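Per-chain residue numbering starts at 1, and chain names A, B, C and D are given in the order in which the chains are listed.
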Amino acid sequence: MSALSLKPHLYDVEAIRQDFPILAREVHGRPLVYLDNAASAQKPKQVMNKITDFVTTEYSNVHRGVHFLSAAATDRYEAARGRVKTFLNAAHEDEIVWTRGGTEAINLVASSFLSPRLEPGDEIVLSVMEHHSNIVPWHFLRERQGASLRWVDVSDDGELDPEDVARAIGPNTKFVAITHMSNVLGTHTALKEIVRIAHERGIPVLADGCQASVHGKVDVRDLDVDFYVMTGHKLYGPTGIGVLYARKAHLKAMRPYQGGGEMIREVTKANVTYAEPPMRFEAGTPPIIEAVGLAAALDYLDSIGRDAAAAHENALARRAEAKLKALNGVRLIGEARDKGPIVSFETIGIHAHDLATILDREGVAVRAGHHCAQVLMERCGVVATARASFGLYNTEAEVDALVDAVQIARKVFA
Amino acid sequence: MDAHLRELYQEIILDHSRHPRHFGTLTDANHRADGFNPLCGDKVSIYLKVNGEDRIEDIAFEGKGCAISVASASLMSEMLKGRKVDEAETLMGGFLELVKGGEGADLSDDDREYLEAMAGVSAFPMRVKSATLAWHAMKSALEGDGTAKTE
Amino acid sequence: MSALSLKPHLYDVEAIRQDFPILAREVHGRPLVYLDNAASAQKPKQVMNKITDFVTTEYSNVHRGVHFLSAAATDRYEAARGRVKTFLNAAHEDEIVWTRGGTEAINLVASSFLSPRLEPGDEIVLSVMEHHSNIVPWHFLRERQGASLRWVDVSDDGELDPEDVARAIGPNTKFVAITHMSNVLGTHTALKEIVRIAHERGIPVLADGCQASVHGKVDVRDLDVDFYVMTGHKLYGPTGIGVLYARKAHLKAMRPYQGGGEMIREVTKANVTYAEPPMRFEAGTPPIIEAVGLAAALDYLDSIGRDAAAAHENALARRAEAKLKALNGVRLIGEARDKGPIVSFETIGIHAHDLATILDREGVAVRAGHHCAQVLMERCGVVATARASFGLYNTEAEVDALVDAVQIARKVFA
Amino acid sequence: MDAHLRELYQEIILDHSRHPRHFGTLTDANHRADGFNPLCGDKVSIYLKVNGEDRIEDIAFEGKGCAISVASASLMSEMLKGRKVDEAETLMGGFLELVKGGEGADLSDDDREYLEAMAGVSAFPMRVKSATLAWHAMKSALEGDGTAKTE
């Protein structure tokens, strides 16, 4: 037990790190400093233990079975849905649809909600800082149905003005798709205000919460958002699972997404009728083990405290920013006032890939590239950035290791 | 700094990346191709002037990329200028071998020595694509039918 | 060590059972007899250990990263693809597309391959014994694009005559979708012959291998099939993952399925270009952990021996059939000559759900219902069947427990 | 055979499932609804004749299903015949409570005793839907506006 654990107000990061065995490993002979959390988070023992326990004692396919294991697995699986409902403060469990990830959730909305409502020339409003997963599904509707995309710019600091969303919405606007937090700039958007503006004009809003949901509480009812998207693997949970929250009325009005078992009411040679939501959108065997694992991850996150974790992560990010800025020739990309624990930067004269390679040799894992945000790269006039992103298990010492490694890179390229 | 890294970012690589040779375009190119690495966004364009005897009379490249990809393109341009097209293909084969940790047995001693500057990449599998980008573009340029990719 | 392990030729089922901790549990005070393998298989320790090991030492997001863990995870993930390629004897790794399950794989083909090629009135040939996952995606094309479905009947024994496929194919036929093994009747179809017949007429064939791939070797090149589908959780692997095998030429000609990260070449405000297969069809973060787990499951299956396992399972099924038939008032549903380890039956005067409830109290887990095959239920003139399906860990004693439990049910309803 | 099972398949349930009361259709029904359980394929159709005083004058059902669902429909038909519509709704509430393990406190002693035959289902959560299928259909039939669902 570390001394810190005697002080209950303090965030005991050393104790937390014990939950993540991978953090104890070395890379190239150096202690691993994992700062690639925005790409994917590591998994605590609690999640892996819950998964193994489930598989070892209660696993079966769900829903259709009469037998004991099927009932037990169905209970665990549906309880996981209830867990997500609570996590997002949704009104009903059947507003929670399981998907295979954040990307599928957005595609589902594009295809089952928007596509059937769309006429050529209709417009979709989105921001230049969206992740490809919140761009390409809308490009599909442009390619296939003649929709047009209206882009909301961000300021040089990376801020998104809700009034710019208001200005982008015109008479042909049918949908707004906007991130709740940029995976490159770290910007938190004023989602509640954006939703208010869009709803005043009668336009539904999808929020990409793949990053925001990891760093602080989300209340979909308070936000009043129509669709909210999360992805399991960034939430310290398994890969292969994501979440679409959607208002009941929308789900009821949406056509099925994939066809298969579970999502039907009755199938004949001539015809097919469909189940009620959420099952209508969950064709085939769902990610049963992953749902149980994700529920354990949400339990874990809440046991740490989402606000406490976010405060810790943000403090690390602000420290990193201050130290990086103090170096000559480092430029931060994204300096919004309301910013999460994501720090993108450019090192003048060193390409992000070279930087990341040198950092890696020091044990420091950062991401380098376009971060699936080429439209934003274009806007910022860069090809690639280096990105350090913080999770609930990172430490001040790791921030310092990052900064030291950047200095080593600068020496290599001096 | 560890030995692998020192080998990767050795002086000659850094020098080529800072001062790439034949950087720019060729107004009289008759072969051209673009290379693009969608994973990292690196881009390169290769311009070749191949004469009637299948010799690469002139070469230029431009683009954006990391030190490895720029240095690799620059080294390539130095090597290929004045070579015959079939020699260029042999060199490419040898180069690909070297950056994947092979011997480059088909290369002449001089060529191998020259290209060995890039062999440090073999310890960095995630960076091999940076090193090969320009070479693949060069290959496309040569294989192009001389019309579609010609300017 | 059991005595059996001294005789290397024998299939050491007791040793195998040690790999599946859940099989040692009790249900309602009785030893669990798990005969619901066609719905989903239990997972061996080897799979769970590999998953935990991967998460504990090498986990990261794949493909886009320069750092050590990203490279390690990418290697493991792509090696899993190679493992599937070998498992199916495909020609190239890039003919293997990861999906979230068998259902998604079929939807992908319907949407990205067939849909863009389809004119109103075009026909899709399928059999009456398809699973809903191989029916509903084609019904979508009927509903949305005016395709029509042509149904190939089966004989009263549950056999499918390839000549009937030939007869169903007409000038407007664009596609054949057929199971490689029925999940209700256990029928193995003459897939190679069906493919030959279809190809003679220039028609591509999708085979639903969700069941067949679990019970014996599959060689997609020998079968010469265009598309082949598997699902991870039935193969003793994780949920949340499936496989689409497709010929390279088809994949190259197919449009993207979902839009997002990884599947693009370049995204701008005005336009988007797409990556080569298989990545073109793998939008977003893929099921990384599940792929590693599935590869471990395939290793496990091959370590037992696919043919040995199938022989063992089939022997159990034939024993069950003989014993059930010997009881008065039990009717087998599905008596094809070439039949796998799936035994559907009806107990005269006892509805399948009542039977399954009573069996469950005896510890015996069977499935009761329409098994996502309502068209087949209609054809067989039943609402539901009971289904016992065998896996590589089942035993003769378990067959006898099933038969004893059926007799108890008959006493309840006497 | 264990006690839960004996309670579930007690004689009265088996009897109703083998010899369902009011099985068939009503030619003069003025309310009708179909129930369907997509998970197991069970089906039930309910026919009601409700008179001007909101009393269920006659009732019939037909369908296919397991012993639990048939017995539940049969018991229901016996209970509801002759009752007022609002009584039927109270009975349904009490029934739903019982099959989920509750007390059915709102039921009269007689009604509770009668319905208690079905209470054994509460130990079988996966079978509760079988027991409630006919009751839900009855509710739809009563709530129908008397036109769309009337024959």
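Methods note: contacts are C-beta pairs under 8 Å (C-beta built on N, C-alpha and C of every residue); 3 or more make two chains touch, one makes a residue touch a chain.
It should be emphasised that the depicted structure is a prediction, and the values quoted were computed from it without experimental measurement.
Trainee: Rounded to the nearest whole Å, what is the centre-to-centre distance of subunit B and subunit C, using the mean of the C-alpha atoms as each centre?
Mentor: Each chain's C-alpha centroid was found; their separation is 47 Å.
Trainee: Taking each chain's centre as the mean position of its Cα atoms, how many Å separate subunit A from subunit B?
Mentor: Here the centre of subunit B sits 38 Å away from the centre of subunit A.
Trainee: When the C-alpha atoms of subunit A and subunit C are each averaged to a single point, how far apart are the two points in Å?
Mentor: One centre to the other, that is 31 Å.
Trainee: Hunt down the residues of subunit A that sit against at least two other chains at once, touch-wise.
Mentor: Where subunit A meets two or more other chains at a single residue, that happens at 28, 64-67, 70, 264, 266, 353, 357, 368-369, 374.
Trainee: Do you know which subunit D residues sit against two or more other chains?
Mentor: Those would be 39-40, 126-127.
Trainee: Using the definition of touching given at the top, classify the network of chains in this structure as line, ring, star, complete or other.
Mentor: Graph shape here is other: it fits none of the named patterns.
Trainee: Dump the list of chain pairs that touch, please.
Mentor: Result for touching pairs of chains: A-B, A-C, A-D, B-C, C-D.
Trainee: In the complex of these two chains, what residues of subunit A are touching subunit B?
Mentor: Going through subunit A, the ones touching subunit B are 28-29, 350-354, 357-358, 361, 368-370, 374, 377, 383-384, 408, 411-413.
Trainee: Could you list, by residue number, the parts of subunit C that touch subunit B in their complex?
Mentor: 63-67, 70-71, 74, 264-266, 275
Trainee: For subunit B, which residues are in contact with subunit A within the complex?
Mentor: Answer in residue numbers: 1-2, 4-5, 8-9, 14, 39-43, 64-68, 124, 126-127, 130.
Trainee: Would you mind writing out the residues of subunit D in touch with subunit A in their complex?
Mentor: 36, 38-40, 125-127
Trainee: In their complex, what parts of subunit C are in touch with subunit A?
Mentor: Interface residues on the subunit C side: 21-22, 25, 27-28, 32, 34, 36, 39-40, 42-43, 48, 51-52, 55-61, 64-70, 100-104, 106-107, 110, 128, 131-133, 135-140, 143, 149, 151, 231, 233, 238-241, 256, 258-264, 266-269, 271-272, 283-290, 353, 356-357, 359-360, 364-369, 371-372, 374-375, 378.
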